[in-house]
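The first chain written gets the first letter, and so on, giving A, B, C, D and E; residue counts start at 1 in each chain.
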Amino acid sequence: MLNAVLFYFFAVLAVASAILMVTRRNIIHGAVFLITTLLATAGIFLQLQAEFLFVVQIILYVGGIMVLFVFVIMLVDLDLSLHLVQFNRQRFVAGALALVLAAQVLGAFWVSRSSIGPGPAAVVAPQNTEAVGQALFGRYMLPFEIASILLLVAMIGAVVMGKRRI
Amino acid sequence: MDPQLLSRMATDSLFILPEAMLALFGLAILLTDFFLASNQKSWNSLTAFLGVAFSAGSLLEVAGQNRTAFGNSIVIDPFFVFFSALFLASTALVILLSVRYMEIEGEQHGEYYALMLFGTIGMMFLACGNDLVVLFVGLETMALAFYVLSGFLRRDRRSNEGALKYVLMGAFSSGILAYGFSILYGLSGSTNLNDIANAIARRPAHDPLTFIALATVAAGVFFKIAAVPFHQWAPDVYQGAPTTITAYVSVASKTASFALLLRLFLTVFWPVRVDWVMLMGVVAALSMTVGAFAAITQTNVKRLLAYSSITQVGYILFGLVGSVNKDGSLNKLGLEAMAFYLLVYLFFNTGAFAVVIVLRRKGVIGDNIDDLNGLMQRNPGAAVLMLIFLLSLAGIPPTAGFVAKLLVFWALIQTQHYVLAVLAVAYILPAVYYYFRLVAAMWVREAVDPVRPAISVAQKFALGAMAIGTLAAGIFPEQFVRLAVYSILTPFGR
Amino acid sequence: MNSLPYVLRHLWLIPFFPLATAAVMLFGRRLKNGVVSALCVGSVALSFIFSVAAFFQLLSLPAANRIVTNHLFDWFPPVPYHTLGGVLAYFHADWGFQLDPLSAVMILIVTGVGLLIHVYSNGYMGHEGGYYRFFGYMNLFMFSMLMLVLANNLLVMFVGWEGVGTCSYLLIGFYFHRKSAADAGKKAFIVNRVGDAGFLLGIFLTSALLGTIQFDQIGPALLVGDFHAGAPYITTIALLLFIGATGKSAQIPLYVWLPDAMEGPTPVSALIHAATMVTAGVYMVTRMNAIYQLAPTAMLVVAIIGAVTAIYAASMGIVQNDIKKVLAYSTISQLGYMFLACGVGAFTAGIFHLMTHAFFKGLLFLAAGSVIHALSGEQDMRKMGGLRRKLPVTYWTMLAASLAIAGIFPFAGFMSKDLILSSAYKKDFLLWAIGCATAGMTAFYMFRLMFMMFHGESRVDHEVERHIHESPRTMLVPLVILAALSFAGGWISWPEILGGNSRFIHFLEPVIAVPHAMRSEAVQGVASRAGEIGLMLLSQGLVVLGILFAWYVYIKRTELAERYAKAFGGFYRLVYHKYYVDEIYDAVFVNGAKDLGLALGAFDTYVIDGLGVNGAAWLTRFASLVSIWWDTWIVDGSVRLGSRIIWLLSYPVRLIQDGLVQSYMLLIVIGLIGVLAYYFHLAHSVVH
Amino acid sequence: MHFLFADNHILTTILFTPLVGAIILFFIPRERGDLHRWIGNIFGILGLLVSLPLIWRFSLQPGAPRFQFVQDLDWIHSIGARYSLGIDGLSFLMVMLTTVLGAISILSSWSAIRKREKEYYILFLILQTGMVGVFMSLDFVLFYVFWEVMLVPMYFLIGVWGSERRLYAAIKFFLYTLAGSVLMLLAILAIYSTAHTFSIAAILDAPHPLFSLKLERWLFWGFFFAFAIKVPMFPFHTWLPDAHTEAPTAGSVVLAGVLLKMGTYGFLRFSLPMFPDATNQFRGIMIVLSIVAIIYGALVCMMQKDMKKLIAYSSVSHMGFVTLGIFALTPLGLSGSIIQQVNHGISTGALFLIVGVLYERRHTRLISEFGGLSTPMPTFAAIYLIVTLSSLGMPLLNGFVGEFTILRGAFDVPVYGWRWAAWGVVGVILGAAYLLWLYQRVMFGSVTNEKNEHLPDLNWRELATLTPLIVLAFWIGIYPKPLFRVLEGPVERVVQVVNPAALAASAAPSKAPDARTNVAQSSAKIAAPAAARAEVK
Amino acid sequence: MLPIGNYLFLSFTLFTIGVIGVLTRRNVIVMLMSIELILNAVNINLIAFSRYWGGVDGQIFAIFVITDAAAEAAVGLGIILAFFRNRDTVLADEMDLLKW
């Protein structure tokens, strides 16, 4: 019961702020609504008993990525883009098609809801954080290593692109 | 952390030695780069080349193995070795071509080479990954490296624009791909490809969830290999990026994405092969059509080659189409064709771009068809090589491209895709038409500026190597075919 | 075979000599005229000697086996095929020669007259350029003609057949700087080619039907196949071959080339267009008589064509003013006689007339040539007259020839012509009547010619008149010899009714394998002696009348000519313009072909190239960028359509690759939707 | 030396001699134009010389194997393609024709080509190798490789050394030919998927029928386009005038002399013996196309203003004769058509050389520019005359032998044959017309254009190029027996498969042949293999 | 937990919103943000499924996805900066130098 309430609360919050995010004229507002969405998602993670992810989500996204965004938004002068049309020429057809896509996929989920029943989820999730750590430094050590390269690349890239002259 | 796990890790880590080497040298470049004066930056290329060499050497160590490592998250098999070798070769070639080019561009930086090496790491993990996570991370590593590289000429507006388009679309498509991956995980509860394959095999026929996964994953992969209708980034990025990187993207990243595609579709989606063969066929046909028609009126060589490489993708995909018989059984020839095609594609496609690269000089970008005019007088060697590469792209004997196309057609015939076969051969004609516009410019037209392009030793070496490869694989393809067969059929021969 | 005397074993030598010299003449530019004439005349003389030898050695053989065949070497080796009878046969042809009375006579005529004319040409062409070329062609012609008559199968005969045609083309066009000459040559060749087409088909059908094309095997093959007279295939063969004959021997409808052929040097006209080549048709028909006699219909056609041609050509001869043109038409009409003879089955008579005609027509041309020579190239009779005294030898010899061609007793012409008429009479009265009429007209125009040239007062321009001179001896000797022959040449076959024994005819008998069916009244059917005589006198009377009329019109009352011309104005003009046949042919065939060619050429450029090929190319050629390529396309025609197509098709690509990243992404989404739709359709279709 | 000329190596020697020359030239600096000329010519002649031993070593014994001088090595094992060469009578003639014409045309370029000699001679020698290879190869893949390899140098010969619209002509030639050959490639693969071999010899020897009738039809058309375009047959001929006209003299010579023969060679080597039933079915269409080509080509010739274009269209007409002979399917027709191929190579080659002579002197090909050339150039006139006569089928010269045999062979075909022959004869007449007209317009008349007054006559080199052709013309015209002997075997083999009735001791008696019997025969011909097929499956 | 379907619905709704944002907003930064939204949707899927299967693989995967999102954001914004320097705009439909 509580589960349901939590879920629906966060879900509605997430969707609503997402919609606002893509519709706001002011980018800063958009960023803020994105943050809201992400926080709502984090809530859903919590509701799914993924505490570790809940934390990661908040720290990384809200704390990291969004800061980055705001920086950039500040760098590219705002007022210029404020009084412009925020949507491009193809907005209607694009929106329509996106909804078509949604209809397709959601419809698919609907028809196949039977084939993904309650599943074995009776088992209660293991001690989350510990299990995640185990996995991350056990089976998933290799991706972890690669991820370090990935971040290195991202760093170099950001530096190369961001600096005026290297 | 039980010690026995650790020891297993230790032994396993031998199998990622090639990647490790690259990482090592990549970091080395980043470090040494600080100590190099701006006119000595080209030494970085040497480091990078050494890195590739060492990686290749350690790759030989693991060659011939056929096992999994890191808890079944990567497989060390001929397929991996084969493709890694391709990536390394391509990287080496591009490094050789880059030195002088970046010199002229005035963008001679350590980061450039480091990123290439890191990108290569991502590709190699794409080739060996047997786990969604590994594949995803590897793919992103490669992608990010390429985003940056394609935008490396920061002062060039085209380069910026290409890079921005690339990164936006790339991120978008990888989002779609990731969504597909998440569904795959949802279907199986595991990120291991084999488990997923079994899970999918157990799904009811024509299961919508599987289809959603299939569609989204396919969309992501098609984007990476630039197949119609997911191709549109390619011409713009190819034209904008530094030509060396254009060559790199069009060969290395494409080959890597094909490796990913093969892994996924030959393991995970193999149970539903009859459902995707048609899809592949249509996409391939579309790629050929759009590529061919669009290429005809291009005046920019890089853009033309971009469209032509879209056409090439069509041919390669036809190989995949030709590897599934009407009754759903595997037709080995199709896979051979694909592997061989990818192998020789490295030679002639890089080669074609290489000639454009050597035409670059101060003040002249050299990527207009008119810049080729009279090349036969100005630099016969380059003209002849370009001829060889273009013939190979068009599939005229005695070049590698002919054998490759021959195998593809043959596979199609064997699997009774007659219409597709006719289509495939029909599109040779427009191909010849637009390739020979370049040939005509080089051989027949008179030069507008009689400047003879200077070619550095490294570039000469690279060009020569690719030409020899193209001809050798065209006249005596036996060994190449054997190699392709061995490396693709060992894991997927069934 | 070795028992045979030398010449009969080496018949190939006879044509060989002229060929050799002709070959030499290829490089004759450096040779002196003396050497050239020595070589060429010498070679012809040699082959004449050999022919004489061959002739007598043939005579020495018993009449039964007077057929000698030499086999030189294979030409077409055997290749299997099925005859129309379905029998497996082998088509082959070898370089083989056959000497029998017929060919013996022919080679004598060819080499003999040829020799004389060569000698004559020495003088005539003396001051012409390209001397070596002329004699080279002449010898080549001798070679071809001898091949034609000596051939032992249709194919080798065809070699000669084409060869003479080519040589006549070359010799007519000898004055190649005159356009008219060149045109005439071409016309001759192509009209001949039309005939040859028939001949070729005839050969095909012969071999397809009989399984052989060898003369000495055709007869047996006919017996084996026991074809009844009038078998359709036989008739077809006969007619096809006859088409060839009409071409070569200038019969209706293919006679048009001969008058123009007079453009050539006069000796050529004498040799080729009077004495020898044009008679090839007659020879061929006679050679194939075995077939013809099995085809009554064909025979009738031959006879009618011959008769009609005879009178038709004669009528045109009357009104011509150019000497050579007159002679040309008379040649045509005489050839008509010969075919008439063959047509009525009197092949031997045909050959006989062929021989005598060779004499007097050759002579006529040569004499005319010497006149033209004397008048430095003047050919128009209206600019002549009263030359009798200035050119006595020419006059007398030409007179003899005219009497001969008119057929006055006892000239050679009489013998042969009378033989023809009598056999025609036996066959069909109408044919005979036409023959007689023709004889009268012949007499008329011949003597019109004589009178206008030699009698009356001179109408020659004065500066020409000053240096009129009798021709050199080299030209006169042949004239004299030929005159003698035209006078006495016919006596070798003095008709029986006049107490002779037509030796010549009997000599030729064995060649004419008359099947029993028709033997009865072929040649010597017996009409009443009185009747024969009567006919003879009748024709003689007509001839004399003709001569007198000519005398009356052109000597006695010269103004009459114009008056008649006016009186029959329309008809006169019609005849004078040769019934406008040339114009008709031009309009119908020549221009027709040209226009068609033009039309097809256009079709090529615009339809096939334009739509079929470049259209396809255009489809793949999207944007209509302005470039040199594009110009070439424009040049290639039907652009408007093409550019439209391209513009339309280039649109989509521009549309999708518009450079806007979001529209690219939109396409990605569309693709995704498409794929999903495809799959859900798949699933859906399976579910239901 | 002996090794090179051993029976199983000589073909390889012939094949690669020109290529060796090309490679040598490759290493000579481009400035040394004269050196390139010399070496190019030396290897051109050498290519001819090494091929001469075939003439006396080629065995005509009845017992001789179908293909001689066979060399068979492993090439692409995993595909099953082999490097196997060998020649029978047919390819023997073609190879000789190629080497002769190759040498001659290289010699003819001596003074005609004065720019970029290096590329020119290299490309020409490569082209030479390609052409020889097509006629020699006994493996489908090898055959196809040579078939296409040849296109590229030809493209350049036209495109670089051609005249005004050369680029257009070159690409048109390339695309046209390619369009046909790619379909052939599919057909080849389809053959493999049934016969499981690429070996031409094996498929030829395989018991007929090897393919189902349906498949045969497809294969027939697959090959047809490749060959019909090369020949070229009627609707596919429009590339020819452009290519011929724009190409340099030597290029036109080999185009007309050799490249066109590949189409007809293909028909004889593949279409007829491998797909006999399909051939019999579509024979009618083929014949009609041939006849149309004959008449059409001749008529178009009439109105040409450009000498080369005229000769090009005359090739269309002459090749029409060849295809007519081929699809007459009678021994006479086939052997005639093969001989006519050789003849066409000789005569048309010579004609192009002659135009080249004029072009070198006046740099124009317009007929109207000339006239009365007999006066300044008598030797030229004589030779040109002989060539013209040989081309229009004058007896004693080669043209006649071919055309006569073809028409004679066509005539044998029951019911329809005589009509075909009649049309062919019409073509002969027209041929005479346009060729003589050309000759007259160029050579006769008085010299109107003062530029022509002092044209030099043929020099020794031009004579050297033309004389051999004329000698050959006379030889074939007078004593073609050796050719027939050489062809006996191949022709009989082909006819044996495609039209056995033609060799039967006695055909169905059709003294008054009518359509019904013929239909009956043909239907029987179709039915029998069908039955055979039944038990094959 | 609730039936998995709910999470799928939610995640794809977010996904769709993200797609709409990417396709329609002219500002590239917003496009980038929308892409983040898409990746976020993916994460919801992964977490939900990992809860559904009772393992942590999904969560691990999600961690990597987040990492990747961060990396992409960094690089993307860097490139946007470079672009902005040269072109003085961040509007997607004003970058059409490269087309056709």
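Keep in mind that, in the parts below, a residue touches a chain if its C-beta (ideal position, glycine included) is under 8 Å from a C-beta of that chain, and two chains touch if they have at least 3 such contacts.
It should be emphasised that the depicted structure is a prediction, and the values quoted were computed from it without experimental measurement.
Under the contact definition, subunit C and subunit D share the contacting chains B. The fewest steps needed to get from subunit D to subunit E, moving only between touching chains, is 2.
Innermost chain of the displayed assembly, by C-alpha centre distance to the whole-protein C-alpha centre, is D. Here the two chains linked by the largest count of contacting C-beta pairs are A-E. Using mean Cα coordinates as chain centres, the one most removed from subunit B is C.
Subunit B and subunit D have Cα centroids separated by 44 Å.
Between subunit A and subunit B, the centres computed from C-alpha atoms are 31 Å apart.
In whole angstrom, the spacing between the mean C-alpha positions of subunit C and subunit E is 95. Note on chain placement: the centre of subunit A and the centre of subunit D lie 71 Å apart, centres being C-alpha means.
Shared interface positions of subunit E, i.e. residues touching 2 or more other chains, are given as 4, 15, 18-19, 22-24, 31-32, 48, 50, 52-53, 57, 60, 64, 67-68, 71-72, 75, 78-80, 82, 85, 92-93, 95, 97-99.
Within subunit A, the positions touching two or more other chains are listed as 88, 90, 94, 97-98, 101, 105, 108-109, 116, 140, 143, 147, 150, 153-154, 157, 159-161. Residues of subunit C in contact with at least two other chains: 617, 623, 629, 653, 657, 659-662, 665-666, 669-670, 672, 676, 680. Interfaces, counted as pairs of touching chains, are A-B, A-C, A-E, B-C, B-D, B-E, C-D, C-E. Contacts from subunit C toward subunit D in the complex involve residues 26, 29, 73-77, 79-82, 84-88, 91, 95, 133, 155, 158-159, 162-163, 166, 169-170, 173, 176-177, 179, 182-183, 185-186, 189-190, 193-194, 196-197, 200-201, 204-205, 207-208, 593-594, 596-598, 600-601, 604, 608-609, 612-613, 617, 628-629, 632, 635-636.
Of all residues in subunit A, only 88, 90, 93-94, 97-98, 100-101, 104-105, 107-108 touch subunit C in the complex they form. Interface of subunit A with subunit B (complex): residues 105, 108-109, 111-112, 115-116, 137-143, 145-147, 149-150, 152-154, 156-157, 159-161, 166.
On the side of subunit B, the complex with subunit D involves touching residues 336, 376, 380, 387, 391, 396-398, 402-403, 406-407, 409-410, 413-414, 421-422, 425-426, 428-429, 432-433, 436, 439-440, 443-444, 476-478, 481-482, 485.
Across the complex, subunit E is touched by residues 132-133, 136-137, 140, 144, 147-148, 151, 154-158, 160-165, 167-168, 171-172, 174-176, 178-179, 181-183, 185-186, 189-191, 235-236, 239-240 of subunit B.
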